[in-house]
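Both complexes below contain chain A, partnered by chain B and then by chain C.
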Partner chain A sequence: MLSFNFLDLFQGITTLISSPPTILFGRLGLIFLGAVLLYLGKKGVLEPLLMIPMGLGMIAVNAGVLFLDPTTATHIVSGTAAGPDAAATQQLAAQAASGHLPGTLFMSPLVEKTDSLMYLMQVDFLQPIYTFAFSNGLIACFVFMGIGVLLDVGFVIARPFLSMFLALAAELGTVVTFPIAIALGLNPGEAASIAMVGGADGPMVLFTSLTLAKHLFVPITVVAYLYLGLTYGGYPYLIRLLVPAKLRGLKMPPKPMVKVTSDEKLAFSVVGCAVLCLLFPSAAPLFLSLFVGVAVRESGLKYFIAVIDGPILYGATMFLGLLLGVLCEASTILDPKVLLLLVLGIIALLLSGVGGLLGGYAAYFFSGRKINPVIGIAGVSCVPSTAKVAQKEVSNVSPDSLILPEALGANICGVITSAILTGIYITIIPLLGK
Partner chain B sequence: MKNAIVLALTVYGLAAVISMFVAVLIKGLFIAVRRLSR
Partner chain C sequence: MTPALKASARHWLAGITIAFTGVAISRLLASGFEGRAHALVALTGQLVALGGLFVILLGIRRRLRDALVQSPDHP
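What follows is the complex of A and B.
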């Protein structure tokens, strides 16, 4: 009679109970966290476009662990760059050969060797998207292209100096977190990657960490997107803490709105793209993606706008969320540095918010107390969340006070300054080792 | 640590110079395009 172990039928449970306690509780904790993210996304507390696929991905990848067949497992072990512990690598290889290596059929993010990658692309259903769109930054560029189509650069062209000054002030966290991270034991590449969370721009963090700290890009990107979702909920408290109600309600004197034509906006996108690519070729894919979005919008190419604004932006966002969720598999994400990254990420965003408001105060004093300091928070480039947060906080105190045009100008410049800082970090950090 | 602070300040300084250069460029370009189109 045929006999088999009953638990082999339900390998998700078998792998759970046979794993070490850290992985067991890690998997259970991440399944619970996935459900929480999904719930908060549905309730609108966090960004639903990202959190719903991400939450479900986290649940599925941590529940769906099985014992991989020896061929697949061997490809995963041999295709991954060997760690410093040779004995541990040998033990993994033996485990893989005996068919007792736990894994999933989603993707294997740490595999680098081409032969193994080609094999795994025929096994893991998300591996092709991960290899061809995620790990080379294409998905980040798609999101940036979509942001470009949504941006009206007329707000920047109308008040470039104020917008750029506020955006620069709101990069405080991106700069100050770097030495803090170094002091806490991270290397320069890791420190710069986590510091970029202060720029509040998901694609930038993804791009920087893929370039400078590939081994930590999973936890860094996950931390970044989690916190970016929280800015909408957290920054109003920061504004109320640092700006008294009297100043929050300050009405800015009406200024005739400068009419900027689409030709002028197009000229800006052409020259801006050329200059920034000349200065930072390593971040040129990001600059091109952003400005191609702006150029398409200003050229009135309605079919292109429909493609970028629809399938490209939302398709990329959905797969970004799904891949981020699937990357949160317990054995991949439970790195001892994750707690440190969580702390540094919140420091970076908090300091950027404070820096933005300090910039707002500086603008308030230099303008003869005419500019509402709350605009400063919009320099944090979480387009358009922080601009909307600024307007909402002002409207709560003074319903007929309008700061949105200036706030959007600072917001768009925030994207540009974040891209500039990304370019500087990914150019300078590799030179340090030379 | 001291090196990290110096590097952070250098990065911020560079970012400030480039950002303001971009702002000048935007303003200059805006004025130039406006004059040329008259």
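What follows is the complex of A and C.
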């Protein structure tokens, strides 16, 4: 008579019980974290567009673990680069052949060999999107294209000195976190990737970590997106801590409006894109994506604007959130370096905020006390959150004070500065290893 | 061409020339050096190139300022 194990019907529970304690608690913790993120997204504390698919993805991937059939499991084991421990790899192969290897039907991010990838694309439903759109940075570029369409570079062009100065000051975290991370034991690629969190630009962190620290890109990108949500909630407190109410309410002299023409914006984008691509070819996909968005906007191509602004941007954002959530499977994300990454990420973001406000103070003094120092925080390139945070904090003290145009200038320049720093890091770091 | 546009065009020309000179320093000249000198020359070129973009921005800012002065509602 055939023996029947009742728990085989509910493999999500069986795999949970049979896994080692680290994975068991990791899976339970990540299911809980997913629920918290979803809740905070719904409440608007964190970005709902990302957090809702990400939270649900985290819950599903950690709950939906099953014992893979021997063929799929063997493809996963043989398609993944072998680890340093040969005995462990052999044991894994034996486990796969016996049909006792736990895994999911979402995707297998560590598989590299083409044959195995082709097989898995017919099994794992998110594998095609991961392989063709995520691991090559296409999703990051789509998001960047969308940002380009939303940006009005006229704000930067009208105030080049102020925008550039504040954007540079607000990169303090991106620059200073790099040596701190090296001192704490990360290699240069990992250090640069986590330092990019200071730029507060998700696609940039994703692109840098995919290029320089592929083995850690999941935890780094998840940490980055979690913290980006915090800029909206945490930076107001930083502003209140560092800028007294009297200065926050400072009214800036009204600036007469003369418009930068769309021809000028387009021509500047063309020259800027060409020069930056020539300087940093490794980051050329990012520059092209950003400036093609700007060019489409300034050329008035309404159908393209509608496509990039709608389906491309929101589709990419949804799948980015979903894939990031699904990548948070306990056995993938539980790395001893995660705690260090969490600490370094918050340091980077905090230092960038402080740097931006210090830049704001410098602008305040150099302008003869005319520029509101709160604008400095907008140099952190989380478009348009930090500019909105700056205006909101100023409006709380002085409702008729308008700083948004200047803040947006610094904000947009921050995006360009972060892209340049990405280019510098991914160009220079590989040279350091030579 | 108005004087304001002429001045702006001069900034555009100068800016583009400086930017591409910077690119040439960074990508062509730097490859002739090794080690630290390579990094230093490349970095100098990058700064020069970004400076060129900044010159263009200054030109546009100048045109905006001139346009404002010539506008009828300027005090």
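Here is the rule we go by: the second predicted complex is superposed on the first by the 431 of 434 C-alpha atoms of A that agree within 3 Å, B and C clash if a C-alpha of one lies under 4 Å from a C-alpha of the other, contacts with A are read in each partner's own complex, and residues count from 1 in each chain.
As a convention for this text, a contact is a pair of C-beta atoms (placed from the backbone, for glycine too) under 8 Å apart; a residue touches a chain by one contact, two chains touch by 3 or more.
Only a predicted model underlies this, so the values are computations on that prediction, with no experimental measurement involved.
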TODO: Have a look at where A:175 lands relative to chain B and chain C in the superposition and call it first, second, both or neither.
DONE: first
Open item on the list: Tell me the contact category for A:275 with respect to chain B and chain C: first, second, both or neither.
Closed with: both
TODO: May I ask you to decide whether A:13 touches chain B, chain C, both, or neither, giving the answer as first, second, both or neither?
DONE: neither
Open item on the list: Is A:339 touching anything from chain B or chain C once the two structures are fitted on A? First, second, both or neither.
Closed with: neither
TODO: May I ask you to name which of chain B and chain C touches more residues of chain A?
DONE: B
Task: Which superposed partner A:425 touches (first chain B, second chain C, both, neither) - done: first
Open item on the list: Output check: A:81 vs chain B and chain C. Expected answer is one of first, second, both, neither. What do you get?
Closed with: neither
- [ ] Answer with first, second, both or neither: which of chain B and chain C does A:263 touch in the superposed model?
- [x] first
- [ ] Look at A:160 in the shared chain and tell me whether it touches chain B only, chain C only, both, or neither; answer first, second, both or neither.
- [x] both
TODO: Check whether A:36 is in contact with chain B, with chain C, with both or with neither, and answer first, second, both or neither.
DONE: neither
Task: chain B and chain C footprints on chain A, overlapping residues - done: 156-157, 160, 164, 260, 264, 267-268, 271-272, 275, 279, 420, 424, 428
TODO: Can you check the complex and tell me which residues of chain A touch chain C?
DONE: 156-160, 164, 256, 258, 260, 264, 267-268, 271-272, 275, 278-279, 420, 424, 428, 431
- [ ] Could you pull out which chain B residues touch chain A in their complex?
- [x] 1, 4-5, 7-12, 14-16, 18-27, 29-30, 33-34, 37
TODO: Would you tell me which residues of chain C are touching chain A in their complex?
DONE: 12, 15-16, 19-20, 22-23, 26-27, 39, 45-46, 49-50, 52-54, 56-58, 60-61, 64, 67-68, 71, 74
Open item on the list: Taking the touch rule as given, give the residues of chain A at its contact with chain B in the complex, in rising order.
Closed with: 156-157, 160-161, 163-164, 167-168, 171, 175-176, 178-179, 182-183, 188, 191, 260-261, 263-264, 267-268, 271-272, 275-276, 279, 413, 416-417, 420-421, 424-425, 428, 432
